[in-house]
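Two complexes come next, and they have one chain in common, chain A, joined by chain B in the first and chain C in the second.
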Partner chain A sequence: MKPIVVSAALAGLTLGAAQAQTMPAEITEPVTITWYNYNLASAGNGADATRHLIDLFEAAHPNIHVEGVPVPPQNITTRVQADLVAGQQVDLVQVTFNALGFAAEALGAHALEDIVPAAELAANFEGMVQNGLDLGRIDGRTYALAYTFSTPVLYYNADIFRQVGLDPENPPQTWAQIAEAGRVIRDHSDHIPLASGMFGPSAGDWLMQGVLRSNNGGVINADRTAMTFADPASLEAVQMLRDLAQEGILVNLDVTSQLESMAAGNAAMYLQTSAVQGYLIRGAEGNYDLRATTMPGFGDLRPRPNNSGSGLAIFSQDPARQRAAWELMKFVTSNEGYTIITRDIGYLPLRMAVVESPEYLAGWVSEHPLLQPNLQQLSYLEPWTPMPGPNYVQIATTMMDAIEMAVFGDNDDVAGILTAAQTQTQGLLP
Partner chain B sequence: MTDTALQAPARPVAFRLRFGTGWQRPLGHGLMILLSLLSVFPIYWMILTSLRPENEILSTRIWPDAATLDNYAYALSAIPMLRMLVNTFVVSAVVTAIQILTGILAGYGFSRWRFRGASLLMGAVALTWLVPLQVVMIPNYLLVARLGMIDTLGALILPHTASAFAILLLVQAMRSFPSEVYEAARMDGANHAHILWHIVVPNLRGTIASLAILVFISTWNEYFWPLLLTRSAQNSVVQIGLQMFITAEGTQWGPLMAASTLASLPILAIYLVLQRQVIASFMKSGLR
Partner chain C sequence: MSLASVAPRHGPNRWSRLNRLVRPYLYILPAIATFVIWIYEPLARAFVLSFQQWNLMPTAPRRWVGLENYENILALPRFWQALENTGLYLLGLLPMAVLLPLAIAIFTQDLSGRTRNLYRALIFVPMIVPPVVAAAVWRWMLDPHNGIVNGAIGALGGDPVRFLSDPHLALWTITFITGWKLMGFSTLVLSAANASIDGSLIEAARLDGASTWEIVRDIRLPLLSPAILLLVLMVILLGAQWSFSYIHVLTEGGPLGSTTNIYYLLWQFGFGSLSVGWSSASAVILFVGFSLIAALLFWLKAKLSFHDD
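Our next item is the complex of A and B:
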């Protein structure tokens, strides 16, 4: 569907939002809200935990019924788009952060500041990690609360490290150290030195954003008006990745094969979202010693990890349903909610009390050392910047295709490839 | 005529295999065995993976050290697998029946009646075959939403009640039906309904069976339309169920392969029971 058609169709909704009444203080009559959720579209822990959250919420709020709408993450914006145009009820949506700009600017997601009383909003934000709150903000307004999110972690196979004479107690902390360790692994074993989740159709651009930023580069400027992935600092980071690929350290496989290589014990190092931790643990169990450390940096620069995952955004037009959606949002991002999300699905909590208080997961966290790098990075986490406008997917895809070609292609002209793609994507900005 | 044409190349192959001299015969057999093994291997790997325990799921050994049915138990409990299989069967069977019915009626009309604009209409039907599903998905979705049919099996069936493929195939088959038979029936006083249901259709059983198999398999494998339409696993189909084991946090290969094995069984049964017709249907219609 053409964005202009959607925009026109949604114009009424947006106008309606501006004129919407204030949400009531409480729900006194029975109300049903929809929750577009991608965990419900999976089988296993994510769906079970989500259903558990809904059950607990409905028990605590007998007047609110939640209808879960399962949609795979890659289809969530198109589904919401179609449902809004079809006049379906869309209340709360689990939006992947790359689509947050589109959700806010084209689909009519509400800024919480517009619909929630200021005092109530401030009270709810107390105890939340400031960096985590920023993940759902655009131009200072909160369109989503981080719900299931994670950070990039360098997993490594300690058995392979020992086998080639590397010290698993001192894993690489910089890209230079990764290159050094990678050469040793390459020369003394048959294992893949370094796998990653940076490239491939389903990889998105989130991890690349963090890598480029860690060299003080970036993919787009702060006000999202100019692409910057061909600027010198970014270029240097991409060139470094190409050097790793040329040396046979960074492997060129599709994103799923890289994950499975690590899970099967065939890769020595693996840079990827902490969300895959459960999968890797299941693969490593009884097979090898899986460990994790923080995302690598460039030289003396502090790494600047960002997040993958999703936030929750409210689309309801009706004040009562806005209140019900806000109550659900508050519940799942409460200490109790994040406890379930962290323990049962494997994502990060936005409230540190969850991992620090014995009442919640302090004991559990101490038993799960792989979580530590993830928690450590929370204090300096940065947002996954969404590309602006209706072409956000095309911009990210074009950019990532160019970077992948620059890293793994036959052409040594990295600057030329990136500059051409930057010019092309600049033309796609609104 | 078509059947004769189809059988024609089979004879020389059989002839050569039977009477091939010396090295040709074992070579031919060896090649066929090799191709058969290559064809069967993905199915074998699917079943093998479905029987592996979780910590061996990424193993490349061609035989599991310890087989388990845990993945089947998990697949059946994690998603409403049996319900999805029933839904898929119902949708596939109904779509097949309706497409055959509309195809027969339209095929008879186009092949037997001359009316103004027939060629134009036929061209329009043929053109719809060229429109990708993705183009009409959203308009269809809006229509289904207005009819209040979202998340129903009826909505999975509704857009597939007629297909250009079925109509064109049956028009072609009916046009090649001997005109003398039509004329004789008319002279005996038979009306169009009688001719269609008592003379044409019984004589086109082979073509209709082939078409039914193709439509059934195609509907069974449908993914995008159910993905857009269904809001609950209970009202969904098995292809959506399979996708539920593939997540951003990693693919659950064991349950996915167990569910895929279960989902393949009905289609496998069709192949086993109607092997000859299935092969003939693909040859008659080309590989869709």
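Our next item is the complex of A and C:
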């Protein structure tokens, strides 16, 4: 009797292991999956569109029921972590890219290459923006399929530009031009010359990464083993921001005040994620002429923005639920999915066919020029590099505290502040 | 035979003695058990966790890191900034939560009944406003562009003051809001203590020709000293915690970390990253530090209090 039980258990184990490698080709039994989603958590912004996506998906896949779990974006990793700890079923998660490393290394998100048949994966990647796909990869493996994302753009108030004698048809393209325009705005109006979303607890390091990288610096090296935000090129970029702050061009307000200043028409320029576009449009309507251009660069160097946004990661252990989650992933990142996401939420489409084909959004895009700089940056978008190891949050926080202090603080020793923080965060790397 | 006849007499005796001995402990057992389960056991665990690196995941390994968590925290400039800020908060809170209420309690004592109650009710109102609501109201009032306070400053010809976004001002703004919120409570405690002072003492002093100030200095203040010291103790031990909701809603510790305090930092470690080692280590530091301060304060309280026995 005993040997039979043992061998049966062994067979079960090997069978389980084999199934973990390959998900079933289709769902034949009813299955319920959970979808941890932060758009569902924001009442007016994306919740309805996301529910609409789920409804369409369930109609097309009668055997799959999707249970949406709304979680605010800043809480998504802690919530997933808490639910995994509590033994809850976690299947598909909308992960912000700065948490991607943690999701993959600590929380156990699956690399799609491990669970999805190679041919199917290749077929779905067909037609998707390559830079976008890279956002969800670590060491060449796809832990999250890029889903909703946006790029940093420079919004500007064309009315203020005209009022102080600047040309709204030629907005600043470099930081030097921003400084120049900023001085004119500072001297000839009461408006805030340059607001931004670079600093603040909820900002993280996403915008700063792009600013430093645009000067060929960076916050961390390519294989994520050394912090580099105090290296010469990064230092130069931070020093430039300090000069702007000292001149009274770049202001230090909390994130919400900066957004509200721009929306209310009190700020002339505003460097921030394109995801606030909807909010700004509502503020500008009937109030002022809101325009946007690409993120500024340094001299002749091409700006190197990174995204803000999220990818979808699969956490299911059960092969059938993995298949169901993969089906949902395919659906929301299809042409139909991105048509809804871009038009109704305001994120960028990851398939260019959506904005090029009249069948989808070509007409809509031509009516909404604010989307243009955002689309343009898609072709040279770079990944938002997650900080490695268990101290990833502390590394980013310590670094951003130091950079903020170097830009706005009373101490002129930018190099000293950054070098001290770099040494310290270096010690927190795994 | 004799043994057998003695035994039954001894039995109940021994029982009743045992009963007398054990019974008091049985009575306090539930209280002790609650303390152990909800306070001492978690405290011991926090102590152990402060030497480990762990992210609360059962699947993740707990790694012993020795003093690394402590070293990391103590090396953090923000930790020292938060510690300094905590001191500044307490320094700013003491006048608002002790001195001002003391003055109000003493000076309103001589008002007639109805006016006094109205006056004290007005002072007590901030106490019952929920902290988050109070924070939101202050945010509107202090807004540099549309706030009523800056409106008044502008009308008087001043430049708008950035109460919450100027790193040199924000901490004092939050201290003021916390103090404003506490003032009602302190006034209530001190008024009650003041009212319970035996009227005949004051009557006698008056007959002896003591002035109002002499009565306050020589009779009221000494008799109020237990209540004053209790308030000082509460403000020092708990004051920094009371500012938590205002920090969280109004500044999130900024600008440039100027409003963060040790409790807010602890919360950020613990819930921003689920890094249980870091937050436990800072909790242990906090526990040890405040235990020492509390011991000192209790010693002072016993030494300085004057009781009218």
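Going forward, the second predicted complex is superposed on the first by the 409 of 430 C-alpha atoms of A that agree within 3 Å, B and C clash if a C-alpha of one lies under 4 Å from a C-alpha of the other, contacts with A are read in each partner's own complex, and residues count from 1 in each chain.
In this text, contacts are C-beta pairs under 8 Å (C-beta built on N, C-alpha and C of every residue); 3 or more make two chains touch, one makes a residue touch a chain.
Just so it is clear, the model here is predicted, and its values are computed rather than measured.
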Requested in this report: Kindly say whether there is room for both chain B and chain C on chain A in the superposition, answering fit or clash.
Outcome: clash
Query raised in the report: Of the two partner chains, chain B (first) and chain C (second), which one does A:D318 touch, if any: first, second, both, or neither?
Result: neither
Requested in this report: Have a look at where A:D401 lands relative to chain B and chain C in the superposition and call it first, second, both or neither.
Outcome: second
Report task. Mind working out whether A:V69 is in touch with chain B, chain C, both or neither, as first, second, both or neither? Result -> first
Report task. Could you say whether A:E247 touches chain B, chain C, both of them, or neither, answering first, second, both or neither? Result -> neither
Query raised in the report: If you stack the two complexes on chain A, which partner ends up touching A:R79: first (chain B), second (chain C), both, or neither?
Result: first
Query raised in the report: Looking at the overlay, does A:A41 come into contact with chain B only (first), chain C only (second), both, or neither?
Result: first
Requested in this report: Examine A:A263 and indicate which partner it touches, taking first as chain B and second as chain C; both and neither are also allowed.
Outcome: first
Requested in this report: For A:Q88, select first, second, both or neither according to whether it touches chain B, chain C, the two together, or no partner.
Outcome: first
Query raised in the report: Does chain B (first) or chain C (second) touch A:V276, or do both, or does neither?
Result: first
Report task. Please write out, lowest number first, the residues of chain A touched by both chain B and chain C across the two complexes. Result -> 82, 85, 202
Requested in this report: Flag every residue of chain B that touches chain A in the complex, lowest number first.
Outcome: 54-55, 57-59, 75, 78-79, 138, 141-142, 145-146, 150, 227-228, 231-233, 241, 243-245, 247-252, 255
**Report entry** chain C-touching residues of chain A, taken from the complex the two chains share
**Finding:** 78, 81-82, 84-85, 106-108, 200-202, 252-254, 257, 261, 266, 390-394, 397-398, 401-402, 404-405, 408-409, 420-421, 424, 427-428
Report task. Sort out for me which residues of chain A touch chain B in the complex. Result -> 1, 41-44, 46-47, 67, 69-70, 72-73, 75, 79, 82-83, 85-88, 202, 256, 259-260, 263-264, 273, 275-276, 278-280, 282-283, 285-287, 346
Query - Touching residues on chain C, where the partner in the complex is chain A - result: 53, 55-60, 72, 75-78, 145, 162, 164-165, 167, 251-257, 268-269, 271-275, 278
